[in-house]
Every structure is written in structure tokens, then in C-alpha cells.
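The first chain written gets the first letter, and so on, giving A, B, C and D; residue counts start at 1 in each chain.
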Amino acid sequence: MDKRRLGIAVIGLGGAVGTTMVAGIELLRQGVIGTEGLPLAGTDIGFAAYEDIVFGGWDLFEANLAKAAENHDVLTHRQFVAAESALASITPWPAAANKSFLANIEGGNVLAFDTHREAIEQIRSDITEFKNGCDDAVVINLASTERLADAESMAFSSLEAFESAIEANSPEISPSMLYAYAAIAEGVPYGNFTPSVSADIPALIEFAEKRNVPVAGKDGKTGQTFIKTVLAPALRSRALKVEGWYSTNILGNRDGLALSNEDSLRSKIKTKHSVLRDILGYEVEDHIVDIRYYRPRGDNKEAWDNIDVVGFLGMPMQIKVNFLCRDSILAAPLAIEIARCLDLAARRGEGGVQEQLSVFFKSPMTKGGKVEQAFHLQETMLEKWLGG
Amino acid sequence: MDKRRLGIAVIGLGGAVGTTMVAGIELLRQGVIGTEGLPLAGTDIGFAAYEDIVFGGWDLFEANLAKAAENHDVLTHRQFVAAESALASITPWPAAANKSFLANIEGGNVLAFDTHREAIEQIRSDITEFKNGCDDAVVINLASTERLADAESMAFSSLEAFESAIEANSPEISPSMLYAYAAIAEGVPYGNFTPSVSADIPALIEFAEKRNVPVAGKDGKTGQTFIKTVLAPALRSRALKVEGWYSTNILGNRDGLALSNEDSLRSKIKTKHSVLRDILGYEVEDHIVDIRYYRPRGDNKEAWDNIDVVGFLGMPMQIKVNFLCRDSILAAPLAIEIARCLDLAARRGEGGVQEQLSVFFKSPMTKGGKVEQAFHLQETMLEKWLGG
Amino acid sequence: MDKRRLGIAVIGLGGAVGTTMVAGIELLRQGVIGTEGLPLAGTDIGFAAYEDIVFGGWDLFEANLAKAAENHDVLTHRQFVAAESALASITPWPAAANKSFLANIEGGNVLAFDTHREAIEQIRSDITEFKNGCDDAVVINLASTERLADAESMAFSSLEAFESAIEANSPEISPSMLYAYAAIAEGVPYGNFTPSVSADIPALIEFAEKRNVPVAGKDGKTGQTFIKTVLAPALRSRALKVEGWYSTNILGNRDGLALSNEDSLRSKIKTKHSVLRDILGYEVEDHIVDIRYYRPRGDNKEAWDNIDVVGFLGMPMQIKVNFLCRDSILAAPLAIEIARCLDLAARRGEGGVQEQLSVFFKSPMTKGGKVEQAFHLQETMLEKWLGG
Amino acid sequence: MDKRRLGIAVIGLGGAVGTTMVAGIELLRQGVIGTEGLPLAGTDIGFAAYEDIVFGGWDLFEANLAKAAENHDVLTHRQFVAAESALASITPWPAAANKSFLANIEGGNVLAFDTHREAIEQIRSDITEFKNGCDDAVVINLASTERLADAESMAFSSLEAFESAIEANSPEISPSMLYAYAAIAEGVPYGNFTPSVSADIPALIEFAEKRNVPVAGKDGKTGQTFIKTVLAPALRSRALKVEGWYSTNILGNRDGLALSNEDSLRSKIKTKHSVLRDILGYEVEDHIVDIRYYRPRGDNKEAWDNIDVVGFLGMPMQIKVNFLCRDSILAAPLAIEIARCLDLAARRGEGGVQEQLSVFFKSPMTKGGKVEQAFHLQETMLEKWLGG
């Protein structure tokens, strides 16, 4: 592994996932934690080393990351103490905000801009400065889920139309699109870990291809959907017909609060829905996904799935899965691996949509073909790319 | 699909799985059920058609299959009525019994023999007669689990040693070994759906190779282990360290009763145990498997798994899976597909251990190499064979 | 037990619960089922015998009860055959409908009336005729949940105001209020098994007291709330502080479909909500109740509860309850017992609100004091009444 | 509440429950925790105040309680720091050991004695000295479960026989009997929180009555049995017939290790078994209780119950309860309350078996009548005693 500093610029750096990424890398550096949860640990093919990763990023809250981490309460006491000074040394840059896309979350650390173009310039300038302190950089979006944008809009249909919309300050353009545009313009790979549409529009894909910048997304596959894309292919393989799948989630962190807003929720649920049809090859009419904001859990998240299947002789059976997980603990290492893969792609000169990273996403961006949702087939895709 | 009658001779024909196989094929023939639960439905590469399958077999109970099915109470009322006459027309042949291998289950339909050799001759004669009524035949073992035989015994180390042990009426030779020997001697493929050691000894593998007869086993992968071999590879893929896996089963059918005998239970649990180490690549010290005979469920079986994993930052998380399944409903279609695959192998001239059928077994027989336990890799192996 | 015919006139007779009541009594009469699920079996203090109960009632669907029962698919095949002729002999009378109170459910068996007064007269005439065929009668409401009426409305504040509202054909008066009024006017006890407000308004309580007619309600306590009112008092008794209680339900019968209408759902959830505060003595801020229409289950209903409690040293613990129940199987025997109790109260000359029946209801009607929600205290109340 | 120091002498003081009791009282004294989990908080009728409780006791491990608590890992980091000096100031006295009653657990802090009489004298001397430092004292047994003693033995049938057996150094007498005898001899109340037979023999009950010393036991009702005795009465009340009840437990603390010894396990399971019959009034043939030592949980304990019930029309339903609890967190406050109640009884001059404390025990000692197992009836019994 060559010695180079990989900078990860995180949109939503002060959130639970962002601070967990930073703390985790620091604790790895100190040797006080192992590589549990990091899928590509041990794969040495030109990746930046975990120890050589540095962080920066934007957040609507201006608190330094030690204060932020204290609120999120993800780390143990001992871990917090060990990572505290490293966390305290990072303060998020002011973030681009737009209430029409994100209603619930307040925070005063807001980028002042009058036009989309101004916002883009400021973001580009942040990235440029950040790049100066490292060898390579990647932008990862971890900001709260935006209201669902209309990916089919004419304004997003081509780079040309999109740039006209930028000039016209079109209300259709969300903050996460501005970040994606700015990153690509800077030649910095962009990974979207959230369900927001962001780079998943023809215009930005065109832009990424033109500049040969790797992009990937969207919506990190952490808990319930991870289990869903593991079980569903096996049910198909056994010819067990899925008659219904009821999924409910309770979670109590900032992400959960954002999702208690109807518009953000719609965005989230959409990416969860097509999964089953894509894997099973038929529509499951009783596929229900609920997400509820429930504070007693804090950052702990719980999913309960009930699956009704029909087997031989038309006999009904049931599978229930109860996943008591920790949102940030599952998300942070995946976000780190996505960044390392995007960086590797950039070094290999492979720009555009990185479809081989599908295993990390609930709603994978593709180069145009059919989305692969089955976990083990996504895994094979990634292994092939790593091996090549 | 060519029109030929495939005969399946079932050891333990009158059990819940055996009668469900027979009833299922009859109901398919009548068009009153679909192909749910049959993994290879729709794969047309020379398989015998479901409708062209006929049944015979041995059982310690002499009741005809209609009476047997009534006791097992697997079919709905309407299904029973539709299949009744077909079931009533089949009466099991007397079966080979040996109390030192199977203590709990009684039944009077016992093959009279003084020596192993006599038993083998009688079984061969049953098979010969059965073959006369069909184009091809396969023997499938569904009998209750035998006491764990010592697969490392010198008596099983070569065909020559085994045949000497037969002549010496060695007490080490179990009934299911006699069946396997007889089937191979007749050139009829043999599939072992039970955890009994049976054909999984060097002697019988040598015999199968010598005669170029396909054999496969052992222990059909129906419920909990199916889920286990689906989830464990995904946990490995996400680098979630498995600290403990507690699996408990409650079931109330004849199979459950047999397992309430300590010796049979040991046999069953053994095949469940190595699975995790093989998939994960490390030993899970707190891997516990319980099986309890619990009558309220009848043929319905319930598994509860609790999995303790450790993720990023060493944080513990839990996954719990509750599978409310039906033993015979899961097992019967797999036993049918195993028979069809063994028949296909025979027609292709591929004798010996059929490792590509691993996806159907908890404890796959191999040609000597490492056992593959991960469900999706087993599936790939089978697909490759089917495709070729 | 004296030999007298108790007639139960059911509003919503053709529903799953109504047909199950009728079939159950018929099967008890034939001696083919036992008294499981009937809490007062074996209590002999003047109750009408189960065998002496007869049924009539209203429904928006005109199908006879055999046809209705076939659709609901609650009975086993053998039970259906045994009860079929008894069921077929009963056809529901036309029912009062009002789309502003019940939007989702259609059905052509509608009572024609222009004014509230006409509707009341027709219902009274149905009751009069029904009473002729039995010694005593009771009206039980099992109709689909109405939109939540405003129980605080001036129109409901006194009998006088209510009767003026009747004459004025006030849109505030729901069908179930018309039924309750008619029953009381006929001197027939009225039990409300649904969450609809119905008799739980000052006007109708005044009417019931004036005529000395027993009334009881509302919302039969069958599944999840039953468990909730059993567990919550015990948690209080152990000083385990409830921080959150997440309850979700999936169900697929006609009742579930009605609840997929927002207005009916609100009515249902309201009666579920105050339960915890009443029992625990403090507000559980994270008390969430979800109900989802999910067809694979049919009449089977499933509840999943997650309870977060805090114990000694402020330590969090969790209890999860998964209840796989059958809606009509739990509801029908309770509706029968409510009818027998109301009849007993009438014979004892005890009119007005029957608070001692609280154990059967999610949202018990009271004589004015505090509602008792703890299951075991409700039980004690009933036992005392039965004993006296 | 009068100001007096209540001393609790704990057998097994250094265990997870014992150290949690000590830490909890210290943290209450400091005002850093609330009274969650303490059922009698707020009941002020002559109880010793929590803040005025002091501790002493015996343990086979000689580590001071701070070291012991560190191993058990029950407290949060902050709680440990706050309680550390108080914990460190207490070191357990040498404990009586007998390998024939407790095989698994080792520890060098052993009382040296040649005869039962010597052991008793030493224990009495420990108690006397301890009493000097407080106003009143109680002995509470929290030691690991002993091998099941034969409570019907002639040696235990009367005080006279027992004292003869002491002189004869009878191998039938277990260590916990010696402690109970010593406490009663000292006029100090004795509470047995473990499943060991201990004081629950005619001889020691006779002794307690003769000396008018309060005794209570046995086996603290913390997790699964608590839930069982709450749910079972409600199922009975609803006439839901229990066909089977499968209970399994996984736990990883020292108590769990002791239970991995067959003999101790038998003792534990016995007290769990009669519960259902006593509450339901009939035998549940498929009542299974499993306990498994499973280290990933540490002091966290998990219970999974599956209950099969039959309702109206003979229809089967299922209830599953998953209790993720913390053994010491549930046990410690109950042990404290038992001590306070025994002390109150002593001050009231009420000696002998304290049946009104049944709500705290899995296997309540009685004055001779029927054991009451239903949680809510036990609660009523206690409330009546407290109120009187």
C-alpha cells in the first residue's frame, strides 16, 4: 500500500455517521480497535491505507466534531476520550441549505449565497483548499435526506439543460446536486450515501463521464435492506413465493427526525421499494415499508421484517427477522470503503458511474442497464473489479 | 422434456416427507397446485417431468400412504381428498431395521433377514422389481436418523474392507449403508436426505465410482441451516464478526420424536455444527444448536436464531431470525429435485459423488476437497452444472 | 341454568366476527367444539346457556351467513360443513348506512330511509320482530369502525339535545348512534364492540339510565391491547420505567380494509392511546401504534410490540412481544360473553353503563369516574359483580 | 422514615448481583441515579431508607468489590468511577464451600472448618461482628445455585433431626443451610434469592418460627418467570388453553457458568416448572425450559418464550416474547426490597415464613398452604401486608 493521504470531504460531517468515520479512523490509527465492519480490510490492491485518511467537510451545525460526537453518543466513554482531541481539531465548513428540500433540521452554519452559481463557486473553493492538504480527495454525501427531486425533469435531462437551470436559479435544483456538480467540476470523485437524488440524473452522469470523474450512489445499504437483498435471492432460489413483506424500522437519531418529515420519508421509502421486484422477478403487492422516529433508541436502530412465503402444495410459511443494529456503526465503514473505491477508480482512470459499487447501495446508480439488487451478485461484481 | 417414467424408491416412504412427495406429484399431475417450492421448475435440460414420476419404497409401518398421510396431517382437507386414491394405491415394502441404530421408532413392517447379505439381496430384489415399472430409477433415503456411525472405521475404509464386514455381519454397518450398497450394486443412483452417515464413507464412494453410479448427500438443507448458510456469507462479506450464534428448533413430528433420542440427536447436530466455521473462516465458540421435540406444532417446525455480531468500533449488534416453517413442505420438493438431478447425472454418464448438489444438503458429500457451505456459492456450482 | 332463548341481534352480522359467533354457538350445540376462548364458561349464575342463543342482525351485504363465512375463511373445512345449514338459514336484514361515517366498504343491502327518525323506526321494528322469536334480546355492534364522531358536541350533551338533533337530521349523528338509540328505546341492552363512539355520549347514557337499560362498550379488547394491559401493570409493579412502546399490527380482513381509511383508523388508534398513561400514571411520549392492511394474513392478525424499559441504575432493557392471533377467534367469544352479561344485568334490573365489563373493552365506558385499564383490576371488578 | 442503619450481609457478595446492590445504594446516596427498578420506592411505612443501608458478606473470591465489579462489567464507566471508592472499601469474608454441592466455581477465599458446627460458629461470629456496625441486620443468599438437595429427607424433617445431622456432619446438609441456620440462631432474618433449597425445609421453618425470625425464599423472580407469571393468569382469564410453552434462556455471567453444571441446572429448572400448572390449573405437557451458557451476552440475559394457545373453535394461536434483560439490574433491586421487607417484618414481630413476599420469588416458600404463583395475586398479597 503506497503512502498517500486520501482526503474525504463529507457533506454532513457533524452527523452521527460522519463523526463515527472520523473517530473510527483515528482509533484505527491508534491501534485501539480492529477492522471489524470494514469489508475491504485485508484487500491490498492500491487502496489508500485507513491510517492515511484525513477528513474535512460541511455541516449546518458549526460545533467541532468532539462536541458533535458527544451529542450523538455513538462512542464508548473510552473511545471518546481516545479520539477527543482529533475530533476537536475539526470544525465543519458552512453548508449549503435550502428549506424547500429539507424542512425539519435547523442549524446556523449556513453558506451565504444568492445564486446557485455562487454556491457552486464556494463549494469548489472549499474543495480546492481541502485538496491542498492531501494527495487525493473524494466527496461523500451524508447529509440528511432531501425531499424527493423529480429525476425525470427536463432540467436534469442533459448537462446543457442543467447548466441553464443553474444560471436560472431553478428551484428544482437541490443542494446535494450543487455539491455533486462542484465535486465533478473539481475532478473529485463523488459518492452519495443518502437517498437524495443528487448525482443520479442524466445531466450529472453526463458531466461525470465527460470529465472522467467517478461517481457512485445512492443510499447506503446498511440494515434492513442489506438483510432483504440477502434473503430475497435465497427465497427465489428455493422457489418460495413471497406473498407479502412487511418491514418496519424504529430509530431515534437526527436521521430519524429528518424522516419524520413526510417529504424526506417519501424519498427514503422509494429507494426501498423496487428492491424486491428486481430480485424476485415479480411484484410483491403487499410489500410495506414503515419508518418511525422513536427516541428511546438513539442511534441504535431496530428493524423488524415479517415475510410471508408460499411453498410446496401452496402452503404458507413465515420468516421474521429482527435486526438490532447501530445505524452509524454500519454506515461509517461502508462510507469509508466507498471513498477508497472511488479513489481507486480515479487512479485507474475509470470515470463515470461506478456500477461495481452496487453492493454498498440500496438504490445503485447504473450505466443504464438493469439494476442488480441481489447481494451476492453485487458482491461478485465488486470482487471481479477488485480482482481485475 | 422427453416422456419417460422416473421411479423414485423412497426409504421411509410412509413418513411425512415421503407421503408429501407422492401427494405433491399427484396434485401437480391434476393441475391443482403450482410449482412453488420446486427450485428447478422451469429448467428444462433433460430432467424427467414432474408428471412422469412414480413412487415406491420401504417403511417400517405397513399402512398404505393414504392412511399414513392422514396421520401426518400435512395436506389440507381438499388436497387429501384429491390425492387420496393415488396415495391409497401405494403400500410400502418391508424395511430393514436395526435397533442398535434407531431406538425410538417402532413399526411391524420389518424385513426378515439373518445376515447383511440377505438384507442386501432382498433390497436389490425390491429395486429390480420396481425398475421394471419405469424407465429409470433413483433411491432416496428419508428414513429416521440413525445413531451416528463412525465414518473413520477401518471397516468403511475401502470397498474390500466393507464387503468383508458385510460377510462378517459387522455391527458397525447400519441399515442405510445396506440400502446404499444395494442401490449402487443395481446401478441405481442414491441420494441421502438424512443425517445418517450411509453412503458418505470411503468404501461406498469407491463403489459408486467403480460402478459409475451417482450418489449425493447428506441431510437435506431445509429450514434453519438454509437460513444460516444464506446469512453467514453476507455477514462475512460485511466484515461483521460473529461472536455467537444460538439456534433452537422446536418440532413435533415423527422426525422430532426420533431426535428426542440422544444418539440420533448427536448425529443431527453434528452436521449442523461445522457450517459456520467453513463459511466464516474462524471458529464461533458460542455456536449452540438445540433441537426440542414439542408436539403442539405437529409437522410445523419453528426455528429461532439469535446472532451476536460485532461491527465497526467493536460495537455489538444482534440479528434474530424466527422461521415458522413446515418441515415436509420444505423437504419434499428438495427430495424430488435431488432425485431428478441424480437421474440427469446418470443419463449424462456422470457417476460418483455429485458435489454440485451441495446446495440441497446441510453436510455435502464431496469428491475429497473442501466442503462449500455458502448458499450462494453452492447455487453457482449447481447453475454451472445445469448450464453445462 | 334456566332454559330460555337469548336472542343476539348483531349489527354487521355478516362480518367475520358475526359469522364466527353464529358458527361457534352452532358447533357448541352439536358438541363438536369445546369452550376454549369463552371466559365465562363454567360460571353458572343465571346466564343464558350458550346452546340457547339465537342470532339475527343487520348487514350491508345481503349474502346469507354460509356464503359470508365461506368468504371470511375462518372455519376449518370440517367446521364449515357442520355449521353450513345453520348458517345458510340466516340472512341479514338491510342495514343503515352513511357514507360520511364509513367510506371504504360497499354493499347493497341498505335500509331505505329519508330521515333519522325513519331509520330508528325501521330498526325498532326489526328488533321487535326479532324479540318475538326469543325470551330476551341484546343488540351487539360489530359493524366496521365509523369515522370518529365528536363526543363533546352539544348535540350529544343531553337526551333532549340529541332528540332535537334527530328531528333536525343532524349530520353529526352516526348510524351506530341510531342503532343504540333504537335498542334503548326498545328496552334491549346494547353492547358496542367497535371503536365507534356510538352510545358513549352523555345523551345516550342518560337515555339508558332513564329506561334502566344496560349498555356497555367500547372496542373489544382482543389482541395487542389485551397484552398491553396485562404487561403494563406488571412493569409498573416492578418499577420498570417505560420509555417507549412501539406497537404495530398487520391484518388482512374486511376490518383491516376499513382501517386503511384514514378516518376510521384515527378512531381506532385513539382508543389504543390513553391506555398506557392510565395504567402507568405517566405519559409515554414514544408510544406509537401502527395498523397496516396486509392481505397475506386474511383473518389472521399479527401484532409486534417493542417495549423499551429502564431499570435499576438507569439501565435500558427491551421486551418484544409477537402475537400471531386470529381476529375473529378472539373477538367472537368475547362478544358472546358481553351479550350474556348485558342480559344478566337486565334480568338483575341493573341499567345504565355496565362498568364492570371493562375487561372486555379497549376503551371502557364508565359511570363518570376514572377508567380502569389494568387487566387484572378489571378482572377483579368483573369477578366481584359475578360473585355478587 | 426513621434514621437507622440496616445492614445487609450477602452470601456471594462479590457476584454481579451483590456488587450491583452495593453500587446502586451508593449511587442513590450520591443522588446520581433514580429509583427505577425499586418496586417499593415511595412506600413509606417504616422501611429502612435506601441511603441508610450498609453491606457486608461472604464470597469465595477475596477480591474487593471494586475489582469484582470491574469484572462483572455491569456499571457504566461513569457509574463505576462514582462508586469505586465505596466498592473498594468492602472485602468479602471467607465463605463456606462444599464441592459436592457446587462443582464448577472455584475461588480461594474459603472458610476453614472441619465440622458443620465449626462452620456455623464462624458464620454466627461474622454476623455478630457485622451487627455491631448497624442497627438491624438481614442475611440475603445470592450464592451460586447448589446441587438440588432432597427437601424430603428425614434429616430435614424436624429441627431435632437437623441438629442431629449437624452433629453427625451429614453430607446432606448444604452450605446455604448452614448460613440459614446461623442467621436464625442469631435472630437475623434470612432471605434466599437463589434456587438452592436452603431454608425451605421443615427443620429450618420450625427453627424460624420458634425463634420468631422472618425467612423468605426462594429463587428471585427476575426475567422469564416474571413474564410467565404475568401472562399465564391472563391467558387463563381469557380461557385460552395453553398447549405448549417453550422457554429458552441464554446468559453469559458467572451464574450462567454455574448452571452449565447439570446438577445446578436441575435445581434451577425445577423451580421454573410447577409455575404453569399452579396458575392454569392443568398440566401443560409440552412445557420446556432451556438455559444455555452463552458468553457474548455477559451479564445481559435473553429469554425467548414461545407459547402455543388454543382459542374459540379450537383454533391455534401463538405468542412469542423476547426479553432482552440484564440479570443483575433486575435482581439487585429485588434483593434490596426483600431485605427491607424482612427487616420490617422483624420490627413488626412477625417471624416465620413471609409468604406475602411471594411476588419476589419463582418458588415461594409458604406456611403450608397452596403456593400462589399468579403475579397479580401475589402483588395483592404484598399490598395488603404493606397497607396493614
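Keep this in mind: a contact is a pair of C-beta atoms (placed from the backbone, for glycine too) under 8 Å apart; a residue touches a chain by one contact, two chains touch by 3 or more.
From a predicted model like this one, the values you see are computed outputs, not experimental measurements.
Among the pairs A-B and A-C, the greater number of C-beta contacts is found at A-B. Two copies of one sequence, subunit C and subunit D, touch each other mainly through matching residues, since over half of the numbers at the interface are common to both. Remark: subunit B and subunit C have CA centroids separated by 50 Å (rounded to whole angstrom). The distance from the centre of subunit A to the centre of subunit B, with each centre set as the mean of the Cα atoms, comes to 44 Å. Computed from the mean C-alpha positions, the centre of subunit A lies at a distance of 48 Å from the centre of subunit C.
In subunit D, 76, 320, 322 are the positions where the chain touches two or more neighbouring chains simultaneously. On the side of subunit B, the complex with subunit A involves touching residues 20, 23-24, 27, 33-39, 41, 74-76, 79, 226-227, 230-231, 233-234, 237-241, 310-315, 317-326, 329-330, 332-333, 359, 375-376, 379.
Contact residues on subunit A toward subunit C in their complex (touch as defined above): 243-244, 246, 248, 250, 285-286, 288, 290, 292, 294-297, 302, 304, 306, 308, 316, 320, 322.
Residues 76-78, 322 of subunit C touch subunit B in their complex.
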